[in-house]
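Order of writing sets the chain letters: A, B, C and D. Residues in each chain are counted from 1.
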């Protein structure tokens, strides 16, 4: 038998609502707007904790030798939740923007050298997603954990060593069946389809009487560039070069599986995997948008001043937003899609194996 | 000389991020989604604290014998901030909705008798805005503070005794100059304008050859109903009856001032006051929308079940959303506007006094 | 070989951008804000056309004897699109609200008797979803198509006679296999589970030493009310009474299937059907929220005035928002869920048949 | 006496709803999703027409020799409306994203060479705001009007020659009184305040015993860079160099006025002007965000493919989003603010002249 539970005790409100302390007040000149600054950042930290909670459970499910279909749905639900939380993160920027630059100046100096970029939890989120140390811009020659306490630094760096969502998704994709079953070899069928398609397109351009010679040549040159793009993924050696150069990241096998899932996403067994890939892109985009909105807000708030915490300020944030995409290979898939009319036909046996057992 | 300040210390993250404790875990059966339930409600409480912070500063400014024009702008900025925070409150419902009814059932019983309606801070927000005890629906015969700790109940009830935003705005409106300066009597000019207008409209209906007799009569009857509406505000005795019956709330003088501000809002000295009235309606609408979304979410989550905390559940929430409008008199203003072409012309001296001194 | 296509021609911009004509200008007194009024409503109509386009394709897919699993995904994608469009519909209210009541008065009279409630396309959307004539509030004794042209009235009424989404979904649910395969009878297993659960809960209340006698009795009475709710669905005769009375709408068999899908939604073959049910509720909620926001906007715009077009104005809109839920039976499911721990265990053969063929 | 007006006639729905023609259908292979593509772009064009309508009225008001205070409020309301419309523009990207890359491929080829970047109205919006030809990225060596019809090209280019919002705002700022009245010289007082502030800050760093020598030197170097920033605006010659180089755009006098308004925004006569400056930044940010979201969508939709219309695709869009800020000088103001405690005190006579006449 347990005692009744009260709302305020359950949420530990006595403690929670006693963690807002104005530095400006401690210096004897309380500034009204500092409360907003604190509350917005604390709300961010609550949400980061929730995102980590969801990511941890997702990573655990993906760490199993095979991802049970029931778990795919769980993963999808939790990714969707992260995406919904990102909406809040982005909207919170607008709340912070109700503070004007002049208001911020009233307490900004008290915060030195703290700044908005020192959230250990956010670094943990990035690391769990799969952001690599090499992807991070070095801040004025310093590593990104420099301003953390020993404990936080250690927590952040530990995550760097653990399998990330990127890596686990890559492994899951590599295990996709169907790519080469029986006589069917998806990759060579796909290559043939691409070649047929380009040859046909080229013919259209050659025969188009409405094009001037210059236009025709320009368009035929475009094809060459398109073909070069395809060649970079057709061959596993060439693909490795792209990965080495940093233009691509995912293994060749995983990339093929992602393309397969995207092309045949209507098959019952691929619907949820396709949805999962979409959500990974949504989340990538969500964080990119958040960083971008945050950079714009900082630009408006501090102009080209140097940021609190000695960071390089708004410009840094903008560059950082660009560099931190994790599932860029998935965005890249669009480059290599072929229209439904051109995609290789699947053998009946494979189509069958992707249906439910109860179906006739 | 002060020691450097670190982000995690400034925000008391060690404490903040240690206030999430799953009841389901305490009972030996941890449920993943309970974390979301806690974090969402804690985020609500952080924002309620911020809203109270803003309201307190607004109430203080309004409590001065006269509201300095500089302070009008401050009040507006802080109301605008509250409105922006309401966007977050509403969006957070969508995050909570990523938890399904079945997920909620997994830990719902552990929460008994806590529920989402026991936020003392939210009751304080309502009381500070001006929600009256008589406006509240009694919950199953109980008063709304029943489930609070002594300390919370006392805090909530103390606020009931303090001047609310409604009352202070009412007083500020009553102090509006311009309504009767020199020969000008706004209220009688306005009444004449209304009468002229209605007479003209009536003539149009009478003369309209396209109307059938039935339509004509129906429309003329409509006018009678319109006239009765006007009569309820023309006379201060009649107005008092409306207030006594609960259909209106604001004093007659304050109502006149609000109508004046709305009609002549383009005059420099009335622009900010008009903006302020608009924001009061925005905030009223924001909380109404939030309660409504919350009620819809609860309906979806618990169906017609009885709510946790023994509250009457979703149906209660829906009714509550309707009843809690505070600045209904301002919405009501629209009923009584006259088109610009019909509004009484202001004497030049009053127009002049509403301009800036520097203007020629 | 086709001629090159230009953006402006493709979108028929010459025509599209020539359909905005101010009535106020035609009367010789152009009012700036009337353009907004026109453009907002035209944007609504464009989106309604798109919603009808999606609904038509969904209705067609559902009209097949069986819904292919590939098509389930298509239906889901298109429902999701409708839900996304609803976000725009709702946000457009905020754009319209940038026009103030006083601005609206400047041209309102020119619109008589047109009003915002005469969209034939929106009525078609409602009818295609499954809103019944009996669900509609009669407007001042008139039928809802009264103000339409003959052509529009005929279009709207034709749709009333066609199978609605509600009916087709109901049929699809009724065809759900798994409910009674071999020895397994879902409905009787479910009833037993509910009874076991209530008996256990009752025991907890009886034995709880922390409850006063009054509380204990109140809670035991609550159980009686819960049991009465369950009884209304346990028996098909009782269920029919609920349907006859209008409290429920869906057939008993369809209701059972929806409950089955909700309880076992993690099984691969039920994931997409569950997602589909969720989206139906999202869309119901989206239109309800839109009507509600629209009603609040109208309240603010016209107060308690009588609406243009002689409609009963804002109050009507508010009541209408409440009455127009179509998939209320699905919301109602939450009332009847049992926690995962209590739900009947499925026979292995059924679990097996809900997996994919390729799975070992 | 005028005939009754019907909703469908008023909005020209017969015409409006007959402007959606699928190219894919014309080619004999109708693709469901093409309708969405058309409707989204048509909705954009309706909103662009509305934005132009608002901009034209704003430009007209600003073109008067002096902007009446009543008109300031009108300008603000209309800018606010544009900002609200931008929310719709941005949300519409999410609707378009419900179409997947594979769906787009099904009809993409029919659109050649039309593309989403050929909206003459959007170019007109940009030109009216003040985007200069030199700010535009050349598309593959071509001018931005290349793909327009003669009529559209002429319309777009005509606007280039007209006074833009940027220029008119600049002129309005230059006419700000108060900057040098009587003995008061804002600019020199401001310069002194900045120098005092920097000297004090420098002293703090020199005396801080917690800094290592390296840190101290780094921070003192930062000051040098800050001082260099200030010098670029202190002197009108240096400022001209900044303008010539393209780093700044606004005239020196206008810049000073904007800084004055921002620093003393609480004074009654400056509240609305400050609000106006904020809205200009909001709108700049709105279009930047829209372009950015659009670029992300395009990246996801077409990958690194070459865009329809032969445009350089997603990469181009991303660069374009960065380059098209118009009121960058206003963002830049934040760099040069001083805390309230440090700002020059205004003479009583100036403070007085910024109050309303009616005030005692």
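By our rule, a contact is a pair of C-beta atoms (placed from the backbone, for glycine too) under 8 Å apart; a residue touches a chain by one contact, two chains touch by 3 or more.
In this text, all values refer to a predicted model and were calculated from it rather than measured experimentally.
Of the two interfaces, B-C and C-D, the higher number of touching C-beta pairs belongs to C-D.
When each chain is reduced to the average of its Cα atoms, D sits farthest from subunit C.
In this assembly, the C-alpha centroid of subunit B lies 33 Å from the C-alpha centroid of subunit D. Here the CA centre of subunit B is 28 Å from the CA centre of subunit C. Inter-chain centre distance (subunit C to subunit D, centres taken as mean C-alpha positions): 39 Å. Counting partner chains per residue, subunit D has residues 4, 265 touching two or more of them. Those residues of subunit B lying in contact with subunit C across their complex are 100-102, 105-106, 109, 218-219, 222, 225-226, 229, 262-263, 265, 278, 281, 285, 288-289, 292-293, 296, 299-306, 310, 331-341. Per the touch definition, subunit D reaches subunit C in the complex via residues 2, 4-8, 10-13, 15-17, 19-21, 23, 27, 32, 35-36, 38-39, 41-43, 45-47, 49-50, 53, 57, 77, 80-81, 84-85, 87-88, 91-92, 94-95, 98, 110-116, 118-121, 147-149, 152, 309. By the touch rule above, subunit C contacts subunit A in their complex via residues 1, 3-4, 69-70, 73-74, 177-178, 207-210, 265-269, 271-272, 352-359.
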